[in-house]
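Shared between the two complexes below is chain A, which has chain B as its partner in the first and chain C in the second.
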Partner chain A sequence: MTEFPSTGEGTSEQGTAKGGESNPVGYLSGAPQAIIAKLTDSRFQKQVIWTIASIILALLVSAVIMTMAGYDAGRAFAYLLVGALREPGRVLQFATPLILTGLAVALAFKCGLFNIGAEGQLYIGSMAAAVVGFTISWPYLAHPILCLFVAAICGGIYGLIPGLLLAYRGAHEVVTTMMLSYAAIALTTWLVGPNGFWMDTAGSELIPQTPLLQDTAILPTIGGPYLHWGIFVAILAVFVVDYLINRTVLGYEMRAVGLNRDAAEYAGINSKKNVALTLTFSGALAGLAGGGEIMGTYNRFIHRWSPGLGWDGITVAVLGGNNPWGVLGGAIFFAALRVGGNAMQMDAHVPIEMVSVIQGLIVLFVAAPRAIMWMQNRGVEYVEWVKSEEKLPLDHLFGIISSLVGVFISFGLVSASTGNLLLSVSLLLVGVVAIAAFAIFLAKRRYILPIFTILSIAWLLTALVSFFTGILLVTVIAGVMGLLSITDLLLLRRRYQDRNIVKEAES
Partner chain B sequence: MYAVELENISKTFSGGVQANRNITLRIKKGEVHGLLGENGAGKSTLMNVLYGLLQSDDGRIIVNGSEVRFNSPHDAIAQKIGMVHQHFKLIPTLTVAENVVLGMEPKSSKPTKSGLGTIVLLSAFSIILMGLFLPVEQALLGALILLLSVVILYHIFRMTNPSERLGLNRLGRLGFVLEQIGSIIATLSQNLMPIGYGDAIEKIKHIAEENGLDIDPMAKVEDISVGLQQRVEIIKTLYREADILILDEPTSVLTPQEVDELFVTLERFREAGKTIILITHKLREPMALCDRISVLRDGELVGTVEKAGTSPEELAQMMVGRLVVFRVEKTPAAPSDVVLDVKNLEVLDNRNLLTVKGISIQVRSGEILGIAGVQGNGQTELVEAIVGLRKLKSGSVRIAGDDITGASPRKVRAVGVSHIPEDRQKRGLVLGFTVEENLALGQQYLAPYAKGPLTLFLDLESIQNISQETIDNHSIKVLSSKSLASTLSGGNQQKVIVARELGTKPRLLIAAQPTRGLDVGATEFIHKELISMRDAGVAILLVSAELDEIQTLSDRIAVIFDGKIMAIRNPAETTPNELGLLMAGHESNLEEVSA
Partner chain C sequence: MQEADISILLIGILLKTTLQMATPLILTALGGMYSEKSGVVNIGLEGMMLMGAFAAVWATFLTGNPWIGLVAAALAGGLLASTHAIVSVKFKGNQIVSGTGIILFALGFTTLMLDAVWGVAGDTPEVTPLPKVQLPFLADIPIIGIVFSQLSPIIYLMFVLSILSWFVMYKTPFGLRLRAAGEDPSTLDTAGVNVEWVRFIGVVLSGCLAGLGGAYLSIGFTTRFRKGMTGGRGFVSLAALIFGNWAPLGVFLAGLLFGFLNGLPNIIQVLAQYNSDLAFLMNYIDLIAMIPFILVVIALAGIRKSRPPKGIGVPYEKEAAG
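Moving on, here comes the complex of A and B:
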């Protein structure tokens, strides 16, 4: 197989061996040891490396997209980075609710459940926090704690409903949590609307929102106008969730039920209770996220205030590999993307929607690690094959390189063909075919000849189209690419024909 | 002449397990070749390499004299190799015919008119689209190109002759280019066609008749028995015109009668000149069927022997690497107090049919009660009802005086019942858990696995220490106690379960198929454990489909048929013949035999 997993395995063995030896001696240093063991675990390392590789790939692809759309990708990335670095407070403020909703989704997923409805639990939690925040007068310190507590309880109850439905009636949690989240958004909008109980009637314009929270209920900010104490709640939650999942009997039972319900029941674990509890905890975390935002950022409940924090929680959980610490990192990363995205829009004039594209690409690559694994394996195989050939297979190498270069050229030329739909489409087609050709070359499949034929014809057609539309640059480049491909095609064809003849002679 | 030659095959998995080490195996054309070895010896890995499911790190594969390289089972099927896996690869909701043709749905071999028509329509549609969205001159250009390509494609369609070789077309090099496109169009148009099952069904019927594999092609796979499902798998390979058949543990799921039928079929294949590779860990099968037998141990080939020149004892020794005692030594039982007392138990199965029809049994401390019976006569439901996994309709269950009728599984465990479940991957293990987490399963809330107030927290350190001890004591082969259970071989998974269930110091042990799918060495080990548990005063209820096992271990044998206990026999005073008749429900014969 490949180099990497074997070395990773080697270090993990050493790690555990060391841990075993020093165990009786260094009894006190239990926690650091656990962390070291975790860091040297090959599965963990592999996941981290894959995540980083996915992020890099996603950035590469989005660079191609930006170039295609005519933006300066280098400048955009520079401002993305600078924008995030110069406002760490904002980043953490954005990250606070994402950490909590990410934890909500990750916790449920660890226990085999998809809590798609974190958004709804978030709304219920934020509503509860707001109501407790403006109706009751409690002293400082106690008031915010009470609000957060109530937010968590209400979010939890809202998670318990689909939990009970799943445990006792078998209603699939994906459907119920999602539906209930729309219900929650509608319910809260009604509660703060003209017919609801908690509409703010003090202002001149009647916006569907609650009155401002009492001063005692507002979470104080830290070191600037944005970051509030909610971040500590979120980080505390990371510890708590990690401990709950991995070190308590309850977490063990919840995970067992999620991984194999039959085995859990056989072992005397009440699966219904655990399913309901899992979704309750998950809902409580989402509710906490909502409460924290209302008390730290918005200071009142405004209808439809959340920019999809619950849905983003799913993305964060995926990026974090459903590991609480991964969720922490993922949330901060996404928040940095958001904050940097603003700078990117202001200074590099790339629309902020690009950030959503990057986010989507990252999730795509993280959720499909097989794509990266495939490239890794095939790449190693290909290099070995090239080494094993007597003569350097120049025709093959040229084919693979020209299709890879073709991907970049074709996508890059799209911006040069502005205003001409036919040319853009044909360039895009060339790009897609080139990607396919690259993959097929890499895998040394038997479709090399037809796909390369199509690629060269596509290049020539593109040249023809651009000739008629009068864009000479594209005509020349596409024509050269097409002619080179055809030459290489003829060489390749001889290679495969010779093979066939040899095979025939053998038999 | 060899059908298959595997030369110097080595395979190491990413976890560092070396499954095959430099194995060289030659299989003659037309022979039945047995591949024997313990669990985890590398038999399945080797055959998966031959079938293209895995790629070896090293070595060559030669089929019928020419070297091949398999990237996927597709390549292997093209070389007429077929494989029947231990766990069938069938889709339960599809019919037999649909399952057989899966992956090679019958299509017409040439590009069809309607396929071409579809493409012409699609082109026309794109021309209209272009007319709608583009300036006039560009739209005209685009339409021209499209029309041109359609015309060219039409000519290709007329010229393409599938039998013609690459590039030898009249049109020379251009023709070759066009032909490549033509073949793509042909594939496209074929895939747009509906599947024609009529021919397939005829062909399946023909295959079935020719080989004596009676089957209804229109039946749904979920409705037919395991034996018939295996038959579908075999037909699947024949449908792909396999000449070399690999069967992975084909008998492990079959009833004795089905095994006999399978052997007849395989005999017929041998006469038809097919080459058969039989993977097994049982000694009886290769001795009955194979011409030559190769034995693997720890990923290495121990040797290949002719059947005529060997004996089960020799094979067992080759497999395990030491002498094997087939009979477990045991002293007479010393039963004392009644531990398990089941009275008039009635239980429904998943389909709400009465499956256990009034069973009363007692198991005393220090004895093994074996329940013999063909699978599906209520054993599963009986066991599940006792341990609280299944609601019972009527009757009572007592453990040493405690009434546990209808109690929860946790309560049943708490009064001292351990249970080795019959399906280890479904019930016995959480495959996504590590080995040490699995070893704590069922007692996770009790000291020493848990600590703190109300034992709310896991004691990870003591879990690890206890696990390490258990792994060493039971010689479970695993890289580390933190490896996932799913990475263990079947035998080692079973060892984890047995170790866990024996470790709870139970009063009653219910062992359902404790050695199913295990090799000689592991079976021997588990048998010894069961006997020593009995001698330590544990009551054991043993449910097994293996008559040998029941007879070897039990102090009393209860025969179950159709949800009722037919009779209880003393193993010393009964014969396999009598038990077999009882298992088949022959009550009348029973009186003659016992009289």
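Moving on, here comes the complex of A and C:
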């Protein structure tokens, strides 16, 4: 959770005292002041706090989901952490393509475009790199550079197509890039299949894949079996994209088009050119990601090899706030989740898909910074309300705790009451009502009495249902919860009735 | 069999495959229409379909009644959509980002539950699918008899919902409000209608319909849930929605077209079996699978300009009172 890089942040909007400077040395030497300016910027600080809060909230919700699904959440998180920490090389290897696809999506976002089809550009780039890698014999060093170059060019062209269609024909880029990405997967599958041009015919089994790359084309590994030189390409790309977006005229125009296309046009910026160019660069980055993976990890093109790297690029870009350095941090964080997820699956027996759930939740929370603000405000409001009461509102506190506990008890009992539909349904009902009661306790005190009445009735009904179906354990628990709820309800009623009387007297 | 009989049979099978492939697309695209007409982009249709497909199988597995499964699918889709609505309408978050989160969550959650409920990694055990319906009065008509033989009831539901959607969208006050929320929310607000609620309902409806689309895949067309079984159909539906110009009839026709294109590989397989001259096409099956996607791109770029609702993708901010 601490992977958020604080270095180099100074290069985005705020800290640019020397806007428009095109000297790379000056760009680097101006960085420290800019970093300080950025770190003390309250908007940036807020964004970091929101992101971290999103991650924590997502992990909390994941813990609830895991508990309800019958997994040991504590054990899962422990292995998630341990798994990620004990294999840093693996984490960086996983992060390498994610950094590049994340940059691809983030760059497009900066220009107001959603490149949802980075996956397709990645496939085209990786196919190109593989073909150049096994058909041509070039010397060491030159060969990988050629392969990566071709991968970037081909990915770029594959991004240019939807770019041009959007700029000149108004074809929505979300649909076109998505469709082209399915097309790319089908095309590459055919190319390496038995009827295509590049299938490996040497092996005994006919798998749709190309022959192995020449030795000269393979990216050497660094300090272990996993991490390869692609990581340097990715980090270089972070610098280049950061420089492009924040320090060049082109980047300035791209951002202007992203903020308001009409205003940019009015200011004399050719938005069509910028749209087409942005998607080209975006495609080139995705192509680079594919090429790097083929040359560093897979050593050949295998049909449908990518585990959704283009998709994860979207998540990474979102988490990184579309800032190149944020993307670097986000990519490492997600790579850590994946690597840790493997350990979690092996040792805690929680399927690795849990990682996808966590990712989805993080993205959802990041999408709504106002949700976190809202919760924060409610929390503050609630504390102030408690302070304003003459004595500690114990009945209130009890209501909160009992509804929260009720959520866990009811959902926990659902998994125990398999086979009895009516009981399961009534328990689920109790759970939902308890969630609502908990939320209402914190948010709107106006509805506390009705919702708590419903909760008490729901508990008692459940007790009744389970009594008639003969599950006595549930009867006892539900009965106790119901009676406690009713007692508390009476106390709460007195509090609010007293208040109403006071209010009426005042008016 | 006679030559003519075979070609009639082939046309019948072709049309039937098209209809079967189109049904989940049309249902989901109709759903997307409710959301996008009200001004909320719904990238997450794919996830809602997946959730519906899973919930249908789960509920059918628990109760043994596929009709309860169908209802559960709509509820599950709607529930997931309400998350999207809370994030993007109530908290005015980025709609595309939220949709992406929905997809990731649904993909992970459904696969996780496969392990939690059945302890399997890929496929669920088989459940009872919805009973196939045979309309007696259609059986004797030449081609139509083949097309409408043994269809899942969801397909008929799809026809009903298509017509109903047209009616709701253009003939009811609710439809008018929904469209106004997407075109010009501030005017709707001035007229005293709560824009947030209208959008919320639009998004939840979209999830319900997408859930039904997913249910067709799991308990209509097949008998089980498979990991990631929607395979991008949610996105194809989104394309159908845009291609159909955000209108019920357009969506219906675009859905049929995409269904045909989606079913093309299957249709080619059938053709190749009947006619050995066409067997060579099997070598190009992956290339043929590409065609629909390319056609969509060309169609979007060339044939017609589609016009999205004006206020789409922009959270509605009520101006501060006083």
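As a working rule, the second predicted complex is superposed on the first by the 411 of 507 C-alpha atoms of A that agree within 3 Å, B and C clash if a C-alpha of one lies under 4 Å from a C-alpha of the other, contacts with A are read in each partner's own complex, and residues count from 1 in each chain.
The rule is short, and it goes like this: a residue touches a chain if its C-beta (ideal position, glycine included) is under 8 Å from a C-beta of that chain, and two chains touch if they have at least 3 such contacts.
Everything numeric here is computed off the predicted structure, so don't read it as measured data.
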Message: Looking at A:371 after the superposition, I want to know if it touches chain B, chain C, both of them or none. Which is it: first, second, both, neither?
response: second
Message: Which partner chains sit in contact with A:263 here, chain B, chain C, both or neither? Use first/second/both/neither.
response: first
Task: Tell me which partner A:201 touches in the superposition: chain B (first), chain C (second), both or neither.
output: neither
- prompt: After superposition on the shared chain, which partner residues are touched by A:421: those of chain B (first), chain C (second), both, or neither?
  reply: both
- request: Have a look at where A:388 lands relative to chain B and chain C in the superposition and call it first, second, both or neither.
  value: neither
Task: With the two complexes superposed on chain A, say which partner A:247 touches: chain B (first), chain C (second), both, or neither.
output: first
Contact residues common to both interfaces of chain A (with chain B and with chain C): 421
Query: Touching chain B in the complex: which residues of chain A?
result: 1, 5-6, 9, 13, 16, 30, 34, 41, 246-253, 255-256, 259-260, 262-270, 420-422, 449-450, 453-454, 457, 461, 464-465, 468-469, 489-490, 493, 496-497, 500, 506-507
Task: Using the touch definition up top, name the residues of chain B that touch chain A in the complex.
output: 12, 14-16, 57, 66, 130, 133-134, 137-138, 141-142, 145, 165-167, 173, 176-177, 180-181, 183-184, 387, 389, 408-414, 419, 421, 426-433, 437, 440-442, 444-445, 450, 455-458, 460-461, 479-480, 482
Chain C-facing residues of chain A, complex: 65, 69-71, 114, 116, 161-162, 165, 169-172, 174-176, 178-180, 182-183, 186-187, 189-190, 193-195, 311, 314-315, 318, 350-351, 353-364, 366-371, 374, 421, 424
Complex contacts: residues of chain C adjacent to chain A: 43, 62-63, 83, 86-88, 90-94, 96-98, 100-109, 111-116, 121, 232, 235, 238-239, 242, 283-284, 286-287, 289-290, 293-294, 296-297, 300-302, 305-306, 308
